[in-house]
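Data block below; observations after.
Chain lettering (A, B, C and D) follows the sequence in which the chains are written, and residue indices restart at 1 in each chain.
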Amino acid sequence: MKDITLDEIIDKFEDSSLSELDVSYKDLHVICKRYASASTNNETSVTYTAPQIKENKEETSCKVEDKDKYKTINSPLVGTFYTAPSPDSPAFVKQGDKIAKGDTLCILEAMKMMNELTAEDDYTIVEILSPEGALVEYDQPLFKVKCL
Amino acid sequence: MKDITLDEIIDKFEDSSLSELDVSYKDLHVICKRYASASTNNETSVTYTAPQIKENKEETSCKVEDKDKYKTINSPLVGTFYTAPSPDSPAFVKQGDKIAKGDTLCILEAMKMMNELTAEDDYTIVEILSPEGALVEYDQPLFKVKCL
Amino acid sequence: MKKVLIANRGEIAVRIIRALKLLNISSVAVYSQADKDGLWVKMADQSICIGPARSSESYLNVRNLISAALLSRCDAIHPGVGFLSESASFAKEVTDSGLIFIGPSHQTIAILGDKIEARILAKKAGLPVTPGGFEPIRDLDHLKKEAALIGYPVILKAAFGGGGKGMRIVEKEEDLESSFNLAKQEAMQFFANDTIHIEKYLTHPRHIEVQLLADGNNHVIFLGERDCSVQKNHQKLIEESPSPVVNEKLRNTLKEASIKLFKELKYKGAGTIEFLVEDDLCCFMEVNARIQVEHPVSELVSSLDLIKEMIQIAFDNKNSCTKPSPKLKGHAMEVRINALSCGVITKFNPPLGPFVRCDTHLYTGVNISPFYDSMLAKVIVSGETRMECINRMIVALKEMEIEGINTNIQQSINILSNKQFKSGKYDTTLYKKIEKEI
Amino acid sequence: MKKVLIANRGEIAVRIIRALKLLNISSVAVYSQADKDGLWVKMADQSICIGPARSSESYLNVRNLISAALLSRCDAIHPGVGFLSESASFAKEVTDSGLIFIGPSHQTIAILGDKIEARILAKKAGLPVTPGGFEPIRDLDHLKKEAALIGYPVILKAAFGGGGKGMRIVEKEEDLESSFNLAKQEAMQFFANDTIHIEKYLTHPRHIEVQLLADGNNHVIFLGERDCSVQKNHQKLIEESPSPVVNEKLRNTLKEASIKLFKELKYKGAGTIEFLVEDDLCCFMEVNARIQVEHPVSELVSSLDLIKEMIQIAFDNKNSCTKPSPKLKGHAMEVRINALSCGVITKFNPPLGPFVRCDTHLYTGVNISPFYDSMLAKVIVSGETRMECINRMIVALKEMEIEGINTNIQQSINILSNKQFKSGKYDTTLYKKIEKEI
């Protein structure tokens, strides 16, 4: 379970119709309260929350769509992650690049062997997830990409 | 069981008619409350809960009354339980007997000493709870009685 | 099948039940109302509630304990440590009831309970003793003469006391009178006897004790010494064997004289003789006529199961006393894990693995009440050397998980990591000295 | 600070991490995707995912293991038991990568992997061997002659095999040909080499093995034998030391010859020599050039920490090989607790207390997956005698709680309580004989 932050709790409370919210999680304990005086706002917000919930559902479905659209490319082995063939060369790919199937994405060095990782499809590179020269584990996400 | 998130709890509460929701799961403890004024929907549900609570209270008070009427007389020591001063004698008390304060109820033998247990009040003996000649522990119920 | 009642609670009750199971002897646990969920209650073959939470009405309730043993048809009572374990009158009542008391005879306990008598016997057996303390102090004049002979600082002690009560350290003659009066008052209050004796006071001693096992029939074996110099307010925190300061010569002296003393006492069971060691001085303090909390340390260096031996001795069964004293091997160390607060244990994981032992009454979900001793567990390790024990203990304590209440685990790790502790060169004042750093 | 990668999983990985912590060496755990919640992953200083659930792509993935060790800047790799622990090629790749392989050299592993070569060396060193098996079988004629010389029943074995594969028991001459062909086929299939040799087959032997420790520098110590005769389908269930059937004379013969063999091999690390003992015959089987699952039994009788010693030897640090072979003390016994089903462990409580050890990777909440070895825990006890070990083990197993999946705890208790097991008079056929009763 991912850690819950104070911001998330308050934002959630703001968006809700609740009068009181008491959250304990690990070392964190938060109590949010909204008194009657604020309730006119709340009632309005309640009116808003109904569609908001719908909106959330749309967001979720959007996320589901996102999930189809975005994916990560993970390491098939344990090795060192390099974005370029040598320190002086330009990187194979950078954020925002459009990549065609078969293009080299990075090099994974393992036991002095340079393994080129190539694209299995056409994507846009959304984010490079591993630092240059870092140890990557098996199945560690290396790139976030958007499917084209 | 899959992990429960704060979002899920609040969303569920939002969609419900509950006035209060208290969830503990692993490290997470969440209490959600909605006051009567907060929403028209909720007020209805509050109207429903009100008699329910009363009903509970009656049940409880009935139990409390029971508790006052019936009680157990417990052993003040570790010993052997005898209902009569000797195997040939009649029992001090039997089921249904009315007992006056100070009457002997039984003998508890411990280290060859015969300890008479006497009534602290007037009762009717409802049930004798220990078998004759059995080892009784400290605080073990010996008699169920009805207070007069 | 034999049956034994354990007149105790907590980890020592669990320890005794394990030994009884090993010997195929039935076990009867006792518990106060506060202890109904105790691990020893769950582990025993039978269990009997003997009173309310307060010790004086439960674990010290002689009548209920003996009744429980008799009515559950026990053959014997094991008193454990603390509570009634050194009560001569309890031992006598147990024996008079036709039960076996697993420990020395009540006469032996009584003799050793008289600290003046014990000192005289110890000296006679050849054990080194501090100057003074061989007769009761008659009056202030007598006290002054004795103090002048012994040399200040001196300590006044209740002859029938223990546990620090009725004790007064006196630095100079002008304080003698008031200290004498206070010591007498306290002794009368706690032990119903105001006999006082005087001894030389050692300011920076090590606490050394030797473990013995005797069958009451002229067979006594010696299981080496334990060093218990890490103490907080006279409460032992860490114990080990062998001691970093006891050499082979001193060990042999203690061994010979200790065995002689126990033979003269016709001692039966496990017993400990405590000494204070300061520079070249090694002085007899007292005999603890019972098993001790820190006995596992001696078990690991001797490979003997002391609780099993005690029970076998009490039943006059085959035991290790007729064999020569065991060859001691390696090093062993114990850390006492204490509660610093009360409450429910929300998670408990003991340390496991090679050469690590954990004696405890903890389990996930048990409630630690404020009524009794704060000890939760003993972690005991063995190894080839003292340093290996220290390292292994640190690994074990880091592995141990107790959640829901506060404990001294981290503090114990800090002591073990302390330079002076590691050097082995310290005395009973160590804890106070390093308290702020740990 | 040194750093070691543990190329293994489960309780042996936990065991190795504890030894590394004791030595103040950093630990790097590896895990498959199925093992991300493994106790060893939580305990190690660092952990690296090396592949999917399937062993061949994770724990047997040499490239990922060595990359993980190199990239996390380890000094050495400990192979544990099973998986790559007896792979000469893995050991060579580790060494070629500039890492230390904690175990014998790859040359030694290769020599001992050739069963014919190993038999010749063992005989030369003075170890008793079964008749036959000193050369590869050339053809059917050669096989017939050898079988006639040795006498039926005989066993055909893959020269580079192990684990029962490529093995065929032959009762009479007419079965030789078909068995020879089948053995060759299997040997080729599993070990890519169809060399076959023939030995006398013992029908009711005990499985005895001796534990050795060597520093690769002419220092070899002998830690006594283990008796592993309680086996279910060649899987050991209970191991103990000493063996009820090995007398002092046989032990000394095995000791001398074993030490000689290890000196000639310039062996480095922990190693085991396995024998079959039937009546007055004691026959060399093979050398296991690695630590074994049942090593704790030898640790408890010798008071040596074998994993610690292996690591110290690999780093050429101070170790126990230069001292005389340790004096063995008392008796020790191990029971393997295996899973009989998969699922989440809803409750785990190990047995605790004196002379009881539990090596395990279990904890409440962990999921036992179907991908790997079914061993959940090893319970190891020590005592003065074999009978004391049996009784203590029964007490410990009754105390142990594993909920959520089925285990062999109760069956193990039944074996320990079996009359024939208790008598000490049985052989590797015991389990099959008593299977219905237990």
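Quick note on the criterion: contacts are C-beta pairs under 8 Å (C-beta built on N, C-alpha and C of every residue); 3 or more make two chains touch, one makes a residue touch a chain.
Since this is a predicted model, take the numbers as computed values, not measurements.
Student: Any chance you could name the chains that touch subunit B and subunit C both?
Tutor: Touching subunit B and subunit C alike: no chains returned.
Student: Using the contact definition stated above, find the chains touching both subunit C and subunit D.
Tutor: A chain counts here if it touches both subunit C and subunit D, and no chain qualifies.
Student: Calculate how many whole Å lie between the centre of subunit A and the centre of subunit B, each centre taken as the average of the chain's C-alpha atoms.
Tutor: 54
Student: Subunit A to subunit D: how many Å between their CA centres?
Tutor: 46
Student: As a quick test, compute the distance in whole Å between the mean CA positions of subunit A and subunit C.
Tutor: 60
Student: Residues of subunit C that contact two or more other chains, please.
Tutor: Subunit C, residues with two or more chain partners: not present.
Student: Spell out, as numbers or ranges, the residues of subunit B touching 2 or more other chains.
Tutor: Where subunit B is concerned, no single residue meets two or more other chains.
Student: Given which chains touch which, is the overall layout a line, a ring, a star, complete, or other?
Tutor: Contact pattern: a closed ring, each chain touching exactly two others.
Student: By the document's touch rule, what are all the touching chain pairs in this structure?
Tutor: Once each pair is checked, the touching ones are A-B, A-D, B-C, C-D.
Student: What residues of subunit C sit close enough to touch subunit D in their complex?
Tutor: For subunit C paired with subunit D, touching residues are 14-15, 18-19, 21-24, 43, 296, 299, 303-305, 307, 320, 329-330, 349-350, 352-360, 363-364, 382-384, 388, 391-392, 395, 398-399.
Student: Show me the residue ranges of subunit B that touch subunit C in the complex, using the header's touch definition.
Tutor: Touching subunit C from subunit B are residues 77-80, 110-111, 135, 137-140.
Student: Across the complex, what residues on subunit D touch subunit A?
Tutor: Its residues touching subunit A are 33, 48-52, 58, 63-68, 70-72, 97.
Student: Under the touch definition given earlier, write down the residues of subunit B that touch subunit A in their complex.
Tutor: For this pair, the touching residues of subunit B are 3, 5-7, 10-11, 13-15, 26-35, 37-39.
Student: Under the stated contact criterion, what part of subunit A meets subunit B in this complex?
Tutor: Where subunit A meets subunit B, its residues are 1, 4, 8-9, 12, 16-26, 36, 39, 42-43, 46, 49, 53, 56.
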